[in-house]
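In the two complexes that follow, chain A is the common piece, with chain B as its partner first and chain C second.
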Partner chain A sequence: MTIRSLVWKEILQRPAPTIAALLAVALGVAALVSVQSIATSSEAQVARQMNELGANLLVLPKSADLQDYYAADLHNETLPEEYVTTIILAQAVGVEEMAPKLCLQTRIDDKDVTLTGILPRTEFFQKSSWQSVDLMFQEMEETKLGSKHENCTGRTCQLADADMQDLKSYAKTRVVHDLAPFSILVGADAARELNVSEEDEIEIMGESFTVAAVLPASGTVDDQRVFAHLHTVQDLSGMGPVVNVIEVMGCCEDVTDGLVAELEELLPDARVITISQLVEAQVSMNRLMSRLSYLLFAILMLVGGASIASVMFANVSERRRELGTLLALGATPALLQRLVLMKASLIGVVGGAVGLLFGAVLAFVCGPMVVDVPLGLSLQAIGWGLISALIVAMLFSYFPARKAGHLDPSVCFQDV
Partner chain B sequence: MIQIENVSKEYQRRGRSVIALQPATLSVEQGEFVAIVGPSGSGKTTLLSMLGGMLAPTSGTVSVLGENLYALNVAARSRFRNEKIGFVFQNFNLVPWLTALENVQLPLTIGRADAAVQRNRALELLERFGLADRADHKPSELSAGQQQRVALARTLISTPRLILADEPTGNLDPDSRAMVMETLRECQRQFDQTVILVTHDHSIAESAERKLRITEGVLTEERPRLNVASA
Partner chain C sequence: MNTFIARREFLVWTGAITLLSGTGAVGLSAEATGADGLKRDGESDQYTYYVFYRNDDSLTRRMQSAVESHVKDYADQAGWQKVHVHSKDDSAVVEKFDARRLPLPSVIGVAPNGAVTCIYHRNVSTAQLKRSILSPRYADVVLALQNGKIAVVSLLPDEAAEPSSAASNFLKSEDFADRSEHIRVSACDPQEKDFFARVKVSTDLEQPKTILFAPPGRHLGTFDEDTTFDVLAEKVHSSGSCNCEKCKKQSR
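Coming up: the complex of A and B.
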C-alpha cells in the first residue's frame, strides 16, 4: 500500500463530497473551454472571411440593419437596381466586380428556402432600362466596371473570365458570368436538404427551374440558399427592379477608403460600408465574449474553490480521529497535509479534465447554434482551464491541509 | 528505557488553568509491564500521550530509549514514534475504509516500507491472531474482539520497543480480553518489549509487574518495583 493508494481509497469511500467539489471545478473549466472555443473559432472564421473579402463594400438601403456580411441581403429594405448603372457610369477607381442581390423567402417541397436573385455579368449592360446609356457602355471596355487601379496587386484583379464561366465557382468568387432566366444554382446544404442534383427540374413559386449547378460548400449561409437570375426573382416577387444589396468588389484594400467616399457621394440615399467595419463589430463582439468567458471562469473557479475548501474542511473535521490515529502511528504533520493536498490535486486534475470534456462537447453541440462556423478547441483555454483548476484546488485546500497538519494526535484517545 | 523528569501538564480552559498532571518523575526499565490506574479524568491519558511523544509537557523532560522526545522536531518525533512506539486504543481506532490487512499494514505504509514486505508481514500477523480469513474484511464486518486483534497486529507490525495501551480491553468480551492480555504479555516476554497499560480492570492491574496510580494529576507508585517519586 502506498500513500497515493490511501488517498484514492478514501475518495472511493466518500465519493459524494468529492464529486460535488469536482463538478464545481469542472463547471468553470467547461464554461471557459466552450465559450473560448466558440469565440476563437468565430474569430478565425471572421479573419478568413476578412482575408477573402478584404476589399469588398456593401451598398445597402439606409435603414437596413446588418450583422453578417453573408446575410447582408436578408432584410426587407430595397434599393433601385439602377444604382448598379450609376456605379458603372461613375467609373470609380478599383471597382472590379459587382453583385446586386434580391432575396425572397419561399418554400420548395415544403422546405423553407431563401431564393436569392443574382445578376450575371453579361446582364450588366443589357437591362432594358439602361438602353439610354448603351452608347456610353459601348465605349467602355466591357470587362471593366470601374477605372483601373494602377499597379494593383489585389486578389480580385486576378479573377479570370474562366473563373466566372464556371458556375460552381460562384461559391468562391460570388460572381457568375452567365445564368439563364430559369436556371438555378443550389447551395451545398440546400441541395442535400432538397435532394437535388445537376440537371434536375424543380418547381419554385409555380415556375419550373433547372439546376445548373450544385455549389461546393463554402461554410457560409450561401450553402443554404438557392440562386436564380435577379430579374426572374424580381418578377416572382412582384417587387419591380429593386435589390436588397449591391456587393462591390474592390481590387484591393488600398482603394477602399476612396471608394466608400465616392459611392457615398454618388448614392446619398444608400449606406456604404466596408467589410472591415463589419468585421470590427464582429471582432469586438468576439472579444467581449472572450473577456466575459474569463470573468465567468474566474467567478465559477472561485465558487469551485470555495466548494473545495468547504469539502476539505468538512473532510478533515470528519476524519479527526482517523488522522489522529495516523499521527499516533508515526505520520508526520507534513504527510497529513500531503494527503489532503493530493486529494485536492486529484479533484483539480480530474475536475479540469471533466470540464474540458464537457466544454468540448458543449462547444461542438451548442457552438454551431451560436455561431455558424466550423469549431476547433481553443488550446489556450484548455491550458488555462487545466492549470487554473489545479492551482485553485491546491490553493483552496491549503488551509484545510494546514488544519490537518496541526491536529492534536491526542484526539485518538478522547473517548477514555 | 523511559525516564521522565519533573514532567507536568497544565491546560488553559476558558481562561482558567487546569493541572492535568502534577510534576512527576518516573523511570521504567526495558521489558517491564506497567499498569496505570486511576479514575476517569485523573491524567492517565495525558501521561500516556506524553510518553508517546504526542503531547508536549508544560515542564520537565521525557526520554525514551535515551532520546529526549520533545527536543526532537515534529518530523523526527513522528519517525521515532513510527519505529519505536506502538499504540493500542480502547476504541481500536481502525481506519473504517481500509480492510483488516490494510489497517495492519498502515505503520509500514507510513514508514514507506516495500509493498511486498508490508503485505507479507501483515498477513503473518493476521494469521498469528487467527484472522487470515478476515484479511479483506472492513472493520465494520468484524466483531469487537476481532477488531482489537487487528489493532494489536497493527501495533506489532513494526516491532516497537515500547507499547502504550490505553484501556485495550475496555470494550471486549472475556475471551477477547484474555487473548489481548496474553498477546501483550507474550510480546513482553518474547521480544523484551516494554508495555505500559492504562486500565480500569483491577485484575489486569494486579497482574502487572508494577502498578502506578494517578489521582487528580498526582502520580504515585502503588506497587513499586523501581523508584517512583512524585514531586
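Coming up: the complex of A and C.
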C-alpha cells in the first residue's frame, strides 16, 4: 500500500467533497484562461491593424458611427464628393492614395449584396494635374517629420505600372487604377455565392455589368462585396455626387498628425479619424478585460481555496478513526500530512486542467461573439492558471494537514 | 404734322431697337454659354476662364469680380464664362471638367492648346490668375504633363540649336520614349522670356540646358549640356515618377 493508493482509494470512497473543491478551482482557472485568451487575440488583431493601416485616416460624416475600419462605409450618412477634390487640390504632404466609397445595399439573383462604388486613380490624376503650373516650381518641402518619411516618394497620382493596373491588386491595396463605368470587381465570397467568374455578365439594378475581375480572398468584409465605378453607383442610387467615407492612405506614420490637422482645417464639416483613435476603444477594452480577469481569478481562487480548506478540515475530522488507526500501525505524522497534501495537489492539478479545458472551450465558442477575432489561447494565462491552482490547493490544505499530523490515536479511538 | 409725328415715331422706334439690340448684345456676351467657350478654345488663341458656381452668393461674385478684372488686363488674349453647374445649356463644359464634383465656386483657366493652367476654389486673386497666362511653349509643357508624360524641356540658345545629347538619348531610350515628350524653347523667342524667368535660366544661353518635369508637375532638375543620359535616367527613377521596374526598386 502506497501513499498514492491510499489517496486514490479515499477519493473514490468520498467523491462529492473532492469534486466540490475541484470545481471551485476549475472555475477560477477557466475564467482566467478564457478572458485572457480573448484579450490577447484582440490585442494581436489591433497590432495587425496598426501595422497594415497605421498611416491611414478616415474622413467621415460627423454623425456617422464607426465600429470597424473595413466597414467604415456601412452607414447611411454621406459627404459631398467635392471633399475628395478639395483634398486633391490641397496637395497635402503625405497623401499617398485616396479611396472614396459609396455603399448601396441591393439584390443580385435574389441574394443580398453590398454594391460599393470606388473611384479609380485616373480620376485623381486628372484633377491633380490641373495644378501643374503651381506645382512645377515648388521644391519638395523639407519637413522635420522623422526618418520614416525620408524614403517616401509621394506617389499620389503618378503613372501606374503593370502591378497597379492589375485589377486584382485591389484586394491588397484597396485602390484601383482604372475601372470602366459598367465593369465590376467581385469579392471572393460574393463570387462563390453568385456563381460568377471573370467576363460573366450580370444585371444589377436594371443595368448590365461585366465582371472584370474576381478578387482574391482578403479575410475582410470586402470578400462579400461587389465593387463598381463610384459615379455609376451614384447614378444607380440617385443620391448624386456623394460618398460615405474617404479613406486617405498616408505614406508613413510620421505624417499622420500633421495630415489630420490639415484635413480637419480643410473639411470642418467632416470627421477625421486615425487608426489609433479607431482602435483606442478596443485597446481600452482589452486592458480592462485583462485586469478584470486577474481580479476575477484572484477572487475565485480565494473562494476555491476557502472551499478546499473547508473540505479538507471536514475530511480530516471525518477520517479521525482511519487516521488514528494508521498512526497506531506506525504511520508517522509526516506521512499523514503528506496524505492530505497529496490529495490537495491532485485537486489543484486536476482542477486546473479541467478549468483550462473549460476556459479554452469558452474562449473559442464565446470569443468570436464578443470581439469577432480569430482566437488563440494565451499561454501565459494557462501557465499562471495551472501553477496558481496547485499553489492555492496546497496552501489552503496546510492547516488541515497539520491537524491530521497532530492527531492523538487514543483520542481517535475514543470515538469508537 | 403727320410727317413730324411719323419722323418722331421713327426715331423713337429706331432708338428703342438700337437700345434693345445693344442690351441684348451685352447680355448675350455676359451670358454666352460654356459651350461657346469650349468651341472658342479650339478656334482662337485665347485663354478661357470658366467660373463654375452653384449659388450666386458673395463668394461667387467675389471670384467673378477677380476674373473680370484679370480678363480686362488681358483683354486681347483672355475671355471668361460664368457657368452654373446645373445648367442644361452648359452641360458639355460641366461634364468636361466634372464641375458638379468641384468645391464651388471654382475657376478653371484653359490655354488655347487645351492645357488647364489654373484651378482655384472659394477665392482667387488677380496675382494667381496672372500666373496662369503662360507662354506658348510653357503651355505645351503643361499639356504634356497633363497627358501623363515626362516633359523634357530643351532650353536652346537659338532656333537652330540642337538639344543636348543626354536629352536626345533620353527621348530615344526604350525606358522613356513612350513616356516622355520633347519641348524646345528658344532663348531668342521673345514670347518665351517669361518661361526663362520662371525656370530661372538666363536668356544669354551659350549651350543648351535640359529641364525635366514629371507628371503631374514635379520639377526633377535643370541640367547642363554636359550631363549624361544616365544622370537624367537616375533622376527620373529615383523620383519614382515613371513607375517602371527600376523605380520600384528605388521606392520604399
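Assume the second predicted complex is superposed on the first by the 290 of 416 C-alpha atoms of A that agree within 3 Å, B and C clash if a C-alpha of one lies under 4 Å from a C-alpha of the other, contacts with A are read in each partner's own complex, and residues count from 1 in each chain.
Keep in mind that, in the parts below, contacts are C-beta pairs under 8 Å (C-beta built on N, C-alpha and C of every residue); 3 or more make two chains touch, one makes a residue touch a chain.
Since the model is a prediction, treat every value here as computed from it, not as a measurement.
Look at A:Leu335: by the touch rule set out above, it reaches chain B but stays clear of chain C. With both structures placed on the common chain, the touch criterion links A:Ala16 to neither chain B nor chain C. In the superposition on chain A, contact of A:Met369 is made with neither chain B nor chain C.
Touch criterion met: A:Pro241 reaches chain C, while chain B stays clear of it. Once the two complexes are overlaid on the shared chain, A:Glu82 sits against chain C while remaining clear of chain B. Of the residues of chain A, not a single one touches chain B in one of the two structures and chain C in the other.
Those residues of chain C whose C-beta lies close enough to touch chain A in the complex are 98, 100-104, 108, 115-119, 121, 131-132, 134, 141-142, 145-146, 148, 179, 198-199, 213-219, 239-245, 247-248, 251-252. Within the complex formed with chain B, the chain A residues making contact are 1-3, 6, 9-10, 12-14, 321-322, 324-335, 408-410, 412-413, 415-416.
Chain A contributes residues 81-86, 89, 125-139, 151-153, 155, 157-161, 163-164, 241 to its touches with chain C in the complex. Against chain A, in their complex, chain B makes its touches with residues 40, 44-45, 48-49, 52, 54-55, 74-75, 78-79, 81-83, 87, 89-91, 93, 95-98, 102, 105-107, 109-111, 115, 118-119, 154, 158, 166-167, 198.
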